[in-house]
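What follows is subunit A paired twice: with subunit B in the first complex and subunit C in the second.
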Partner chain A sequence: MEFSTSEQPGAVVVHCRGRLNMVAAPRLKELLSSTVESGGQRVVVDLTGTDFVDSSGLGALVGGLKRCRQAGGDLRIAGAGQQVLTVLSLTNLDRVLRPYADVAAAVDGW
Partner chain B sequence: MRLALIRVLVTLTLLAGTVYVSWRWLFSVNWEYWWIAVPLVLAETYTLVDAVLFGLTVWRLKRRGEPPPPPEDATVDVFITTYDEPVEMVTATAVAALDIRHPHRTWVLDDGDRPEMRAAAERLGVGYLTRSEDWRDRPRHAKAGNLNNALFQTEGEFLLILDADQIPDPAILDRTLGYFRDPRVALVQTPQWFTNVTESDPLGSQAPLFYGPIQQGKDGWNAAFFCGSNAVLRREALMQLGLVGYVRETHQAVQQALATASRLVARTLRRARRDGDPAGEVLVDVQQAVAGARRALAGGEPLAEVTGAFQRRLRELSRELVGADLQAIQADLGEIAELGMEQDQETGLVVVDEAALDRLAEREWSPLGAIASVAELLRSVDVDRGDEAQPMMPMATVSVTEDMATCMRLHGLGWRSVYHHEVLAHGLAPEDLRTMLQQRLRWSQGTLQVLLRENPLVQRGLTWGQRLMYLATMWSYLSGFAAVVFLVAPVLYLCFGVLPVEAFGLQFLSFFIPYMVLNQLLFAVVGYGVRTWRGHQYSLALFPLWIRACVTAAANVWFGRPLGFVVTPKTGVRGRQPFPWRLVLPQLVAVTALVVACVVGVVRLWTGAASSTIGTAVNVAWVAYDLLVMSVIFQAARYRAPGRDEELVS
Partner chain C sequence: MREQQHWQALRDLHVLDTPPEERFDRVVRLARKLFDVPMVGVNLVAEDRQWTKAEVGFSSRELSLEESFCRHTLVRSEAMVVPDARLDERFADNRLVTDEPGVRFYAGQPLRAPNGQRVGALCLLDHTPRELSPDELDLLRDLGSWVEKELAIDEELLRAQRVSRQLLPRRAPDAPGYDVAGLALPARELGGDFYDWYEARGGLQLVLADVMGKGLPAAIIGAGVRAVLRGASRFNLLPEAVIRAAASLEEDLEETGSFVTGFVARLDRGTGTVDYVDVGHGLGMVLQPDGGVRRLRAGGLPMGTLPGDVWESGRTVLAPGEALVMASDGLLDYFDTPADALRATQEANASAADSTELLDVLASLVRGSAPADDVTAVVVRREARP
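After this line comes the complex of A and B, so read on.
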């Protein structure tokens, strides 16, 4: 799993490439925390390059959501593929987080 | 072959039992003494239901034989949970854990956060985990919280969970991981076996009936229980459980919070208008925002979207109000700080009870105070779970025995569990009566909490077999009430001639004896080669404890009372101690009454005050059985465990 970040007006985008599983989850959680701490309160997690996610990976997203909210910001997810959407719906997490089609849609009107 | 015999005996026992109990209800209740006759027939019905559930359990007794080899490349974290056990004990377990053959990482989960434990872990080269900063001033959820904390700091695919005293066999992973080749398997449980127990085991620590036929029977129904230690779990299953629970609980809490907010705002608005406070008008907008959020939620909008938009709107609105009555705001802010929702003392569950929310809604707020308290209320239950250390709690926290609740939820999500019948860890049992009673009390309270909070009979996703397997264990913890009746009835008959049954004649015996004999035979066959007698004894002899567990668990779940629960010490108290009269007082009273009743009964028969020889004989035999069963508690009270310091060193 590779992570990279980029700036958008009003938001920081975290790009996740590869398999977001139990091995990658702690690193993502760490990265999201440090992003929030360095002032990026609005975070978009870009899952366009993510070809697999498990419950631990989603757990890291929930952890990130908590960090952002506590800092007065928010977290959104974008670009989820079919496997990711399936897991989101299996765990009901789509009842909490809306999967935006892409980063542009996620930051639109935020 | 043995299974066929068991099934025949189950069928016969239940037939004989049904005939007997039907005859009791329909033809032999002595209504003249209904106040003891009805409790007695109820107690007998309770026992028959217990027998039905036991029969169902062993009907599908499953022997799994040799386990498959572990999946290739399985990664494993070994968790050793500790709170206040001696460092040497944990160290001994950690040393043994390092020797487990299958590749793994070993972690000590020290909830006591002890520097000497940390130093010992570092010396051994095992991982050391304590609660993160997030847990400060938040509910700790005991062992479940300790495990939940560790789950988010580790990354193994499977987790072996060991209590601080459970010394694992080097083969424990090689013998259990193979079952996870089936991707639906979430749990493999192995037995608990204790080394510091004498041959006669007066405290009844070994549970060979449970870690044997009962677990094997439950396994047959895909309902093998998780027992908190000596078990391997699949991380993915736990995480999924955590996510599903997080979504469900947050949804409910936000819905409730919005309903309260709606009432609170309406009330404050009415008051502001009555007092002619112009600042109140902003509350009309707040009201609209609350209504909009509730509509969006009902319409299936994702929660984070709804609450995010709602909180932003609240911030805008409160900005409009700045400059309003500062004093009133100050007073309210003080109040809001106190708003932290009430929590259950042991489980730390947020008690979002009606009363607390009512108090909140009824308080007189200033307009800005109303907005701030709505915002605070929402924040404490919102998607970030401000009220909890971490948003996801994979290990269930509804009960002080997290294992059973977690397992039931896993089964509810469609995961499978396995019972592997091979002792692969050796532990330490309580060493005196007091410690043993504390442990039993905690188990029974925890089990009953699960029954009252998440009744298995109505849980979605469970098969009927699974529901009945959970009920069977919970049902057995209600035995205290029946035990009292079984102790009192013969005393009443022998002393006062109070006859609960129409007649203790031959007809009674002809119905009762086949049932009793078949029942004993069934136990003998099911429990062949293991000692089931201690378990029988304690289900009657600990009647005060079982009743206390029922009463305290109900008071806790329904009225939020504390359980009076203590962490079970793993080390006994050493040295000579006086006989613990107070611990066994109810049993002492019962035994005295039984003995006196026997003497009185024989005298009454001799003097002609009582006329039925069979009646007296049946009741004297009954009393003799009660006394034999109860005797265990006095052996237990005198018992001191053999020294085991040498074992720890070796």
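After this line comes the complex of A and C, so read on.
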């Protein structure tokens, strides 16, 4: 799994490429924490390049969401594929981890 | 008696006749370099033979006890060093000395099982006579401790696995007119999934839970979730029991960065009424005899998602002939789509004579492929009226 970040007006975008599983999840969690610490309270996690998320991956996203909210911000998900959307819907996590079609839609109006 | 304890300690390690493992192999490789000897082994002394778990330079992994050097190390608490086997009357006639590989030097560090019983030795062998300096003896002892730790890990994991299985219900609940069964297939020795059933306020409670992650860490959290939910369910109805349990678990889940999905159902056996809470699980459903499916969704989040979260309960009535099925999402991994998983479950339900058979059919489907995630399920079938 590879991560990179980019700046958008009003939000920091974390791009994920690969499988977001038990191996990658701790690194994403770490990255989201440091993003929030360095002032990025509004975070978009771009999952365009991620075709698989397991429960540890969800845990990292939920952990990131909590950090953002504690800092007064929020976390949104962009470009999630079918498997990811299914998992988000089964767990009802789409209620709090709002999926957006792409990064542009996620930052729109933020 | 002493011997009996020795054999039992060795058996409890569950290491005899297991395949080579890198965690032992790396110790013998390292020892060969450090001591500059051609042969190093981790040997275990069994009732009828010496068996080698890890080696470099050995020609075989089994030896008779008559030929075993390590058997003599075993009776000592400290390392045994034989500077020249040809000059030692215990070994001068040993085939390994007189014939191939021509052992002259032997040093063995006894290896202890966690209960203190000596079960084998880490040994160094050379074709030429030599001695070990006090520093080298210290080093050998350290390497021996390392091997002992590796031997113990396995045993503790197995014990943890046994305990974890003992936490699953051992017998069907007292529910005349209903047929209840559970299934748990951990992807590893231990998993974070569990199922449970017990008497709760106002009915029989059935639980399926899936703790984030895998292995021992998930199993530890799972045991806590199980206990807290049991406690909260004794005197509380749904969804109150779940809300209280989640509040009690909040700190633990926060601290460990973990979360739990699950499905909690409470069955009034008299009427078939099922109150349920969907803890971000989404895989609770009722299979109808006509092939229809009622998905039991109540929109709740996993525990550990948001602080102070609350849950609502839903209600359905399990009619005669219907089956309540709760399954972990690990089941979905074995099918291309959730719809395929549902279809397989419906087919199993239609063909199976009882709940146990239904779960056997699902288990056989899952066992055909490599286990990716824990698979857990509970089925409650209400008998059709005669």
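Simple rule for what comes next: the second predicted complex is superposed on the first by the 110 of 110 C-alpha atoms of A that agree within 3 Å, B and C clash if a C-alpha of one lies under 4 Å from a C-alpha of the other, contacts with A are read in each partner's own complex, and residues count from 1 in each chain.
In this text, a residue touches a chain if its C-beta (ideal position, glycine included) is under 8 Å from a C-beta of that chain, and two chains touch if they have at least 3 such contacts.
Fair warning: this is a prediction, and the values are worked out from it, not measured in the lab.
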item	value
Clash or fit, subunit B versus subunit C on superposed subunit A	clash
Touching partner for A:A104 - first (subunit B), second (subunit C), both, neither	neither
Touching partner for A:D74 - first (subunit B), second (subunit C), both, neither	first
Dominant contact partner of subunit A by residue count, subunit C or subunit B	B
Partner chain in contact with A:S89 - subunit B first, subunit C second, else both or neither	second
Which of subunit B and subunit C A:V23 touches, first, second, both or neither	first
Clash with subunit C, by subunit B stretch, listed 40-48, 184-192 or 634-642	184-192
Touching both subunit B and subunit C, residues of subunit A	22, 29, 54-56, 58-59, 62-63, 65-66, 90-93, 95-96
Of subunit A, residues touching subunit C in the complex	22, 29, 54-56, 58-59, 62-63, 65-66, 86-87, 89-93, 95-96
Residues of subunit A touching subunit B in the complex	22-23, 25-26, 29, 54-56, 58-59, 62-63, 65-70, 74-76, 90-98
In the complex with subunit A, residue positions of subunit C that touch it	210, 212-214, 257-259, 261, 278, 280-283, 297, 299-302, 304-307, 329, 338, 373
Subunit A partner contacts - residues on subunit B that touch it in the complex	152-153, 155-157, 235-236, 239-240, 242-244, 246-248, 250-251, 300-305, 308, 382-386, 390-392
